Amino acid sequence: MAELETFDNPHPDHDYVIKHIAPEFTSVCPKTGQPDFGTIEIEYVAGPLCVELKSLKFYLQGFRNEGVFYEDVVNRILNDLVAAVSPRKMKVTGSFTPRGGMHSVITSQYVDTGRARLT
Amino acid sequence: MAELETFDNPHPDHDYVIKHIAPEFTSVCPKTGQPDFGTIEIEYVAGPLCVELKSLKFYLQGFRNEGVFYEDVVNRILNDLVAAVSPRKMKVTGSFTPRGGMHSVITSQYVDTGRARLT
Amino acid sequence: MAELETFDNPHPDHDYVIKHIAPEFTSVCPKTGQPDFGTIEIEYVAGPLCVELKSLKFYLQGFRNEGVFYEDVVNRILNDLVAAVSPRKMKVTGSFTPRGGMHSVITSQYVDTGRARLT
Amino acid sequence: MAELETFDNPHPDHDYVIKHIAPEFTSVCPKTGQPDFGTIEIEYVAGPLCVELKSLKFYLQGFRNEGVFYEDVVNRILNDLVAAVSPRKMKVTGSFTPRGGMHSVITSQYVDTGRARLT
Amino acid sequence: MAELETFDNPHPDHDYVIKHIAPEFTSVCPKTGQPDFGTIEIEYVAGPLCVELKSLKFYLQGFRNEGVFYEDVVNRILNDLVAAVSPRKMKVTGSFTPRGGMHSVITSQYVDTGRARLT
Amino acid sequence: MAELETFDNPHPDHDYVIKHIAPEFTSVCPKTGQPDFGTIEIEYVAGPLCVELKSLKFYLQGFRNEGVFYEDVVNRILNDLVAAVSPRKMKVTGSFTPRGGMHSVITSQYVDTGRARLT
Amino acid sequence: MAELETFDNPHPDHDYVIKHIAPEFTSVCPKTGQPDFGTIEIEYVAGPLCVELKSLKFYLQGFRNEGVFYEDVVNRILNDLVAAVSPRKMKVTGSFTPRGGMHSVITSQYVDTGRARLT
Amino acid sequence: MAELETFDNPHPDHDYVIKHIAPEFTSVCPKTGQPDFGTIEIEYVAGPLCVELKSLKFYLQGFRNEGVFYEDVVNRILNDLVAAVSPRKMKVTGSFTPRGGMHSVITSQYVDTGRARLT
Amino acid sequence: MAELETFDNPHPDHDYVIKHIAPEFTSVCPKTGQPDFGTIEIEYVAGPLCVELKSLKFYLQGFRNEGVFYEDVVNRILNDLVAAVSPRKMKVTGSFTPRGGMHSVITSQYVDTGRARLT
Amino acid sequence: MAELETFDNPHPDHDYVIKHIAPEFTSVCPKTGQPDFGTIEIEYVAGPLCVELKSLKFYLQGFRNEGVFYEDVVNRILNDLVAAVSPRKMKVTGSFTPRGGMHSVITSQYVDTGRARLT
């Protein structure tokens, strides 16, 4: 995985929400070896740091040839981003294209209960 | 009915939502013998287990030639899935195509009041 | 008016929502004698009884040649359905096509405050 | 049936197309006695006369309680309008709401081969 | 301005919402003299009276050649309607077409705090 | 297969197009035994006969548990309908839901070159 | 009516199409005195001159309080613009909002048969 | 930056929301020098003052050739507008077009906790 | 590249069109090494052979980690498919997601002029 | 203006269409000095050369602070691209956002009559 780079939150006193939407996510099904496709949406209330966009792109591209389940990949992205930027709140959603006539949406979230404000 | 298979929730410490959308549901009207068509949407906060996707597909296909009412089928799917994966919360929605100029949407939900968290 | 038939709620222990959408509603304006058109949406949490779909269709067709105002027809349908199925909650919405460059949406609801649960 | 009124084409020297779209058409199925619903679209290149809009509305309302098949009603409307306004060209389309899981679109047209121009 | 006519609320015991949507609103910019265009949406919980639709149409047409600012017109319509029908709650929204590459939406509301119920 | 019933073309002198759209088609993949889903659209210029709608519904339902390839089913429906109603022109389109990340659309047509007119 | 101003076609040697879409057109019904609303679309292949946009806006605003029929206004706009800019081809379309449950679209065109090229 | 002009809130006693949507925002990426594009949406509950629309347009145009990050520009616009009109509440959203296959939405808000009412 | 498998055209006497739409295409930009994403649409009139769907999926997946330009990949897919199934006509379209604020659509086609019929 | 770079058509023997869509075009109105916004779409059948995408992006950015009329800019882009790549056919369309309540679409095309084939 490419490393997630960060920069200082330019408005740490503001209560604001950052959302990045990446519709070109692809990984590989660990069972069948077939490619999976989906949209990853990352929404967070920044604490001290923001994630740098180019490094986020490379980080997500790191899953391109890796075998990983839907339920797992969304939570791993959440874990890695929480570790990188220490947000007050963060939500990661993966919305995947149909397989076997069904499509799936996984949403995981993190709240720093001590620091979260009303946004 | 095909059996619902499960796997261990890979992130039991996370508060996350799994949604599977199956737009190719079909069963048979018990009154007229005519086929019914609809979309089944299953949304849950996993407890110890997750439902395996392929077995879910076969389970839903099990209704293909069975006579069942709208109000009944949605609640039966909910009951079977709650029994299989012991979710913290689960909601099943069936949205059916028009019959006699009207279409119907049935939504049933289950909450394990002791274990449900804020998601 | 055709009589509304009912059947026993097959899952009275469940907290679930039934919605029927009827986009082919038509009645007559009591002032001008001109036909009115709209969509009637009925959403309820069932108590002991559910409304039978075919009798609901015939009941709604009963307004086809009757003169009735928008504000009145929505509340009358609500009253008749509440009387027929004793729901825990019910909401009826009528959304009518434009007349004189304006269109109208009327929404009326009933709550059995003693029996309503969280759905 | 209400009579179709006409007025003199205000620009008989122009090659122009008039389209009236009536999404509130309803008639009755001659087999089942159940109401049918659809949109009637009338498109024509005027000859000496144009159809007056209010009389067209009343004419279409004349089918409200009449039993008539899809294939028949579209051709009857075409015949009546051709007789009323002697157009250079005319096309009538009826697009009907689903019955038994299928919906139907019927399109009939008339060309006065001696007078039709390029429009 | 044409006078707003009213009629007695036919179901004063019901808790219901009336919405009228008028997409053909036009007035004049008091600064430039240029016409403005927008959609006015009126939503209210009726008290003793309802507004009559035809008089509402004429009332809104009364702004056609009058110079008035966006922020002002929405609040004036709210004031006039509250005075006419004494609603339990009322919300007026004006959504205006782009001027100078920007479009504007103004929403004003009134609550009769003593009489408002849960709708 | 249910038999296709017909009725006499009520306007054999008119040049008109009949289209029936059936979004609830399902059959079975002959390779995998899995259900397939799609929309069948039938468009024709009638000759002496029209296809009766209810028998068409039962005919299409006849594929529900039959194994048949996309390319085959569309052409078989075309052949059966041409044999039943001797149209001047006919086009059958099957648009199928995604399998393996791809969806398919098959369109086949028949022209009675001696009798086809300009429609 | 405000005068239509023009400017020299900056590329008279090119075969190109200019389209102006004016969704804020309003006039008055000559029968009822009620306002009409619609979108006027003007599409032409320029000859020696182009129509200046601001003067076109003022010209169309000139119909704001004038009584004029749908069929007439579209042809009058065509005539005035053909007279002003001598196009090789021009098409004017008026698409009007619903009155009495029907909406209308009128399209008129002009071709300078001697000068029209293939565009 | 052009100065933000204001005018007195014409209805300071009303609890109403003003929203301006500016889809033609463009600035320059401070890293690459490449232009960025997006939509800025400003929503506020006015206190004593409203922002004048033309000056707002010129203010936003002031970013056209300035290098600024997404997270920064949204908060700067919020700060400048809060300073100019002292709102009871204000929210600014920037929704930017895709870069590197991802697009971003930033939302920042201000609440004057002493003066905010329920809107 | 995986080999394209074929099967005998089951209706070689019919004039019919087969379209396969693959929205999950991905390759790599030969200049930057960055992934590209797009939809490949293949439409053909079959000659003696049809392309087998599963082998087509594997063939398209073969581009996943290969560096290839837009203009090239569409024509290479066309060449490979023409060689595999000898169609009477074939069209391949690649529609790619935005890069640098622009997106591209490439369409290439082949006609066997001796054998093409009217479809 | 940045120079348009080209590369050799990789499939000069194929009859294929290349389309580039640039929704982030902006220039300046020569009359008012105000920014204009629109989408430029370039579609061509390549001759010996193709336009390189990055240089096309920079070329279009060259209009960012230049004053130019709609009718002029579309034809200038066409002229510059025809000069750069000698296409068999080319069409350039500019679709601009509303000004004064009207929006405009300009389409210009070039055909090399000696070399154009059927695409």
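All chains are identified by letter, namely A, B, C, D, E, F, G, H, I and J, in their written order; residue positions are counted from 1 within each chain.
Keep this in mind: a residue touches a chain if its C-beta (ideal position, glycine included) is under 8 Å from a C-beta of that chain, and two chains touch if they have at least 3 such contacts.
Remember, predicted model here, so these are calculated numbers, not experimental data.
Two chain pairs, E-H and E-G, are weighed by contacting C-beta pairs, with E-H ahead.
A rotation of 180° superposes the C-alpha trace of chain B on that of chain F, rounded to the nearest 5.
Per-chain CA centroids place chain D at a distance of 51 Å from chain H. With each centre defined as the average position of its C-alpha atoms, the distance from chain E to chain I rounds to 56 Å. Mean C-alpha positions place chain D and chain I at a centre distance of 44 Å. Measuring from the averaged C-alpha position of chain D to that of chain F gives a distance of 27 Å.
Residues of chain D in contact with at least two other chains: 23-24, 37, 97, 99-101. Chains touching one another form the pairs A-B, A-F, A-H, A-I, B-C, B-D, B-F, C-D, C-E, C-G, D-F, D-G, E-G, E-H, E-J, F-I, G-J, H-I, H-J, I-J.
On the chain I side of its complex with chain F, the touching residues are 9-11, 14-24, 46, 50, 53-54, 56-57, 119. Residues 69, 71-72, 74-75, 78, 99-109 of chain C touch chain E in their complex. Per the touch definition, chain B reaches chain D in the complex via residues 34, 37, 97-99, 101. For chain H in complex with chain J, the touching residues are 23-24, 26, 34-35, 37, 61, 64-65, 97.
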